């Protein structure tokens, strides 16, 4: 309940994880500790603790209402954590049936974030980063589609802000300028 | 309660009705039946059943709170329908005093959509389709204004997603590519 | 409760105050009186009446929950005012930690606006107006950043519309065309 709860989002390939890790290091060096929590992982752990699943693949086979309740419980758990918390998640996830909101109302009211950060980059740069990253299999997506996703994510973030009163910050993570992105993120987290 | 509830929206002239009808035909051929419900018509029928109006023109003369309640009741009626339902409506309606949300909170919480689909097209193509369509009298609107409307509709759809957890899908209905739009819609509905 | 409640928003330098004042004059001449209420001022007066602060600078030192409650009370006070009311506020305020929503859910449910108007202008023109305005010290901001703010504000406004059912209107206030902006605003307010 004390400390800040900062939700950090970004489309795949934007470099969200790097920006989170580097800014956490910088802040730790300044005596400002943050703990990063991955929302999906927290939801899975909640499901396991509740005896609903044994492994992560089973998560998507769960009944919709059960998933919703697990989402809510994960939001509650994170909302009750002490200290400064980074919540690593998505403003929306691109699925075959559309953009799935990462923070629906029942999560937000439990999580009570202070800020939602959108890590963004030029869509063409994101495309190139995805092509370079051979470690992950992602559905191929053109740069226009990436731009659409980033645009929709801003709208989701504004809706999250309306419901919770949290601020919405855009942090750009452009090529060759990681240090700027990390500093911008650190400024928000400080 | 069983089945999917898919809200399909689009600005006038985007070809929403055609895409709905063709994709329903395709899915019927695959043994996946959908029923299409027009939200405005359902609201009018609700008003008639409640003895509030006799014809459709009287709808706009109703008291604001009565309208709101009728909207809610129509949402409830559709939300309780069995089977796969397409809800034909607008993300927002352009009125002289601004964009009126098609699915305010009190409708969404009753309707509980699984998806909101935005049928979109290039604004210039929409303009041309409107000019060609002599059967309807529409207020003349430039292509920039159409683009504004489509942009605002994405933001409305994101807000709808935040409240209900529904996915938000964009289906493009470009000139000469109706078949692609129909297939994209069928993929969402399947 | 009677009359219209119109929320008018716009980024700094867009000329919101001028458009409000001129359209109020025009409407007064037509026998349609409007009262303009500044949301921030109303919140400060509420805080003073509640004995929380003595001067305006103390407002930001208040506890977050106290601020939230004062916001809600200000919304309630304005929501209960009689006659036609213009609420002069921001769709979002740009702060060092991001865009802060001007009308979070707990304000909206009390305020119950009929319309939210976004006064907008070309971002480059806004930049020039800010540079010309020596009376105010503002954080320097480039035109791209102004465009980002205006874009995010549309998304906030859509979320406000979703929750309350209010319409969202865009009124452009371009250089040399103040009279058009005033007439567009008057049309909304009439």
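Things worth noting here:
First chain written, first letter: the chains are A, B and C, and each begins at residue 1.
Please note the rule applied: contacts are C-beta pairs under 8 Å (C-beta built on N, C-alpha and C of every residue); 3 or more make two chains touch, one makes a residue touch a chain.
In this text, all values refer to a predicted model and were calculated from it rather than measured experimentally.
Of all residue numbers used where chain A meets chain B, under half belong to both copies. The two sides are thus made of different residues. Chain C is reached from chain B by a rotation of 120°, derived from superposing Cα atoms (nearest 5). As a whole-number value, the distance joining the C-alpha centres of chain A and chain B reads 30 Å. The multi-chain contact residues of chain C, meaning those touching 2 or more other chains, are 155, 158-159, 162-163.
Within the complex formed with chain B, the chain C residues making contact are 114-117, 154-155, 157-159, 161-170, 187-188.
Of all residues in chain A, those touching chain B in their complex are 68, 92, 95-101, 103-106, 108, 148, 151-152, 155-156, 158-160, 162-163.
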